[in-house]
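One chain, chain A, appears in both complexes that follow, with chain B as partner in the first and chain C in the second.
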Partner chain A sequence: MIQLILSLLVGFVLVLSLYFFVRRARPSAEGSAKQLREARQTLDSLQYGLLPSDLTERLFSRADLEYVLSAAPPDVQSLFLTDRKNIALGWVRRVRTAVLALMRFHRGHARLHARLTFSTEMRLALNFSALLMTCRLLQITFYLRGPYAAPGMVRTAAAAAGRVCSISEKSLAFLNVKGVGPLENDAAHHRA
Partner chain B sequence: MEILAQVVGYTGLSVEVLILFRSIQRKMFAKYSIFYTYLLTVLGVGLFLQIAYTATPSLYVLLYWPLQFVTMALGCGVIVEMSRHVFAQHVSLDRFVRWVAIATFGAIFLVFAIHVVFLPHWKPAANPAELERNLRIGQAIALMTIVFLTGYYGIEIGKNMKGLILGFGVYVGASIISLTLRLFIGIRFSPIWKQVGPFSYMTALLIWAVALWSYAPAPEVSSEPAEEDYRGLAGRTRQVLGTIQEQLNRTPQR
Partner chain C sequence: MNLSTNRRDVELATDDLRRRTLSHMPAPLERMIYLGSTRDYNTGLYYHDGLASRFSDEVACEALSTCHREAYRQLLSSSVEDLVRQVDYYIQITHSAPRDFVAAWKSLQPYRVAVPAATDPLAVEFLCSNVTIALAIWEVNHDGRLRQRPDASLQPSPVQ
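Moving on to the complex of A and B:
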């Protein structure tokens, strides 16, 4: 019976994969200047737009909550919590989108390498999946328990911003392909 | 039903001749040599079996499965050729698909050889459908690897190869499902099984005829890879990922 199920499963998975294979959209040209620029913008967006300490501190500050709870009527409190929840959800969504874009860029770039190793690719795929899942978990946490369900977010984000900045600087090196000029890393352009 | 099967059979032969004719007319035979050899063999085997069926039915019964295995073995070669064309500009991926194909086909043939050598009561002629199904599963795994890798890495495929993969996939998928059901349901499923094979092959032939009407190679990769090596790229991507992961993991706990 197991053999029957496995054989049928292989047959149906093949047919299903062919369906998606036919429907697949035409991929963009790998390594094109546009794609490189977009990847760099994604990194900049993470670095300067989504993870800086001032933004996350402001976003998840309990001081705002305490002020509203002590000074505002219940309907304003409710409105405040709803707004903050939407902002927090939007923030995670954007981080997730940026990670997905980075993942796409990595795949588009990696396929051109002759010495691509599958164990490394598998590990990276797992890392990307774990990160995307973490984003999903954060989304669920914010959705169910509100934006203040994670009280230490401000300090963590502040520390993270510094580390991400330095690592992003290194990661930007792989975007420095001949013919693509450096972009302005103006934080003001990337504010969330 | 008999007449319909004959119509499908003769139409199939005509489409095979048409595809081969176009390959010579458009000078494509050398470009997809294994595929056209496979098609030529299928055509030859089909004609031979048809003649044998009318002249000496006992010869038809005797030769049906051995000839079927010859075409199936060539089918495995077609998948290797597909990989070579699809990943022509992606050496590592081609190597990986070849490795998967060789491993799966090798494992199936090895199991078959072990059965023949070590199990004296096991007769290949008595279990041909099982062996065919196993080989088709091997082909399906190799095909799915190609389809998955092209999707994962966003590799663009030319019209010829897209049609070859689709046609072959439809035929292999239908064969696996029908052979499995025939093995488990038994003789009651035979009437359906006898129709599924020719119809799915006919569908594959029509897809191939459209896809191989003219030569359409895979689009050229527009840019060269960055100067630095892959390890550097992978290492840095992993580093970025690790840091972001670390931050996000800590965030909800504080």
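Moving on to the complex of A and C:
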């Protein structure tokens, strides 16, 4: 009797797992479109908002630090260091969140829309893991030692994020209509 | 009007704007504030009578928007040292009393509303922090100059 109950239980769990697997493998068109749009926005926010070199180079530039230390009184120096630390922490948090969102999108949806080779999939997985780990280390470093403590790690994170973006771009390439730019985060580009 | 004609017109209008108007504004800070002021806060659309009469409202709006984003990016990549120079120059050309200017900019932070729309909030925060620091350093330098010249008036020196 106990064996029968156990077998029925195992069978029920297997049927339930199969049901969820089938549901997950066939996302609804509406849900899928929403996910694609969100992924495109995340990618745009990374590529055009957080990773451009003019922002990252300036944000982590030691030249600004040296100038402020030489030209500003202690209270302004302290304000500068606090601001830069908060912004650097915000930057790394945003990059990490965007990378996590892209990773989730890739796991759940991108495979259904883009045919990526096994080597590309592996490269993407490695880049995602390395990037998430680097972001975590950067957060700890910035928190403990300030935004100028790990310039090499910042460059590594930005480069890895750039690689993840270019691979993710392939998954979303079919959304780009020839002659039209990427989807805008905001409703009207001409209002920018 | 088809897409290619429209794009060509926007390029011509942008070029026109750069040559006739923006070439007289060497500092990105000044350009960003000026271009931000051509935008209607209720609609988010840019207006420029001269440019609209030569092209069209839509083309003028697009050209102003392009130059606004350009000035913003240039300002974002400016060093703090350069920002201090830009603040100094801007105070001189506005002909306002330096103390009033600094007090107004500290309390109202007009540069916050002068940034283009749809810009990354973190980048805006970074820019505003840099301007705040530049203002503070400019104020220290200005006070230092006044202490060196106790008879000097508070009025800004002429534009160099």
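Here, the second predicted complex is superposed on the first by the 102 of 192 C-alpha atoms of A that agree within 3 Å, B and C clash if a C-alpha of one lies under 4 Å from a C-alpha of the other, contacts with A are read in each partner's own complex, and residues count from 1 in each chain.
Here is the rule we use: a residue touches a chain if its C-beta (ideal position, glycine included) is under 8 Å from a C-beta of that chain, and two chains touch if they have at least 3 such contacts.
This is a predicted model, so every value here is computed, not measured.
A simple residue count on chain A separates chain B from chain C, and the partner touching more is B. Of the two partner chains placed around the shared chain by superposition, chain C is the only one that A:76 touches, whereas chain B remains out of contact. By the document's definition of touching, of the two partners only chain B reaches A:15; chain C does not. When both complexes are overlaid on chain A, the residue A:4 reaches chain B alone and has no touch with chain C. Of the two partner chains, chain C is the only one that A:63 touches; chain B does not reach it. Of the two partner chains, neither chain B nor chain C is touched by A:89.
Of the two partner chains placed by superposition, only chain B is touched by A:102; chain C is not. Residues of chain A that lie in the contact sets of both chain B and chain C are absent, per the superposition on chain A. Those residues of chain B lying in contact with chain A across their complex are 89-93, 96, 133, 137, 140-141, 143-144, 147-148, 150-156, 162, 165-166, 169-170, 172-174, 176-177, 179-181, 183-184, 221-234, 236-254. Interface residues of chain C, counted against chain A in their complex, comprise 3, 43-45, 58, 61-62, 65, 68-69, 73, 76-81, 84, 116-120, 122-123, 125-126, 129-130, 132-133, 136-137, 140-141. Put simply, chain A touches chain B in their complex at residues 4, 7-8, 10-15, 17-18, 20-22, 24, 26-32, 43, 46, 51, 95, 99, 102, 104, 106-118, 120-121, 123-124, 127-128, 130-131, 134-135, 137-138, 141, 149-153, 155-157, 159-160, 163-164, 167-168, 170-171, 173-174, 177-178.
Chain A contributes residues 45, 48-50, 54-55, 57-59, 61, 63-64, 67-68, 71-73, 76, 79-80, 83-84, 87, 90-91, 94, 179, 184-186, 188-192 to its touches with chain C in the complex.
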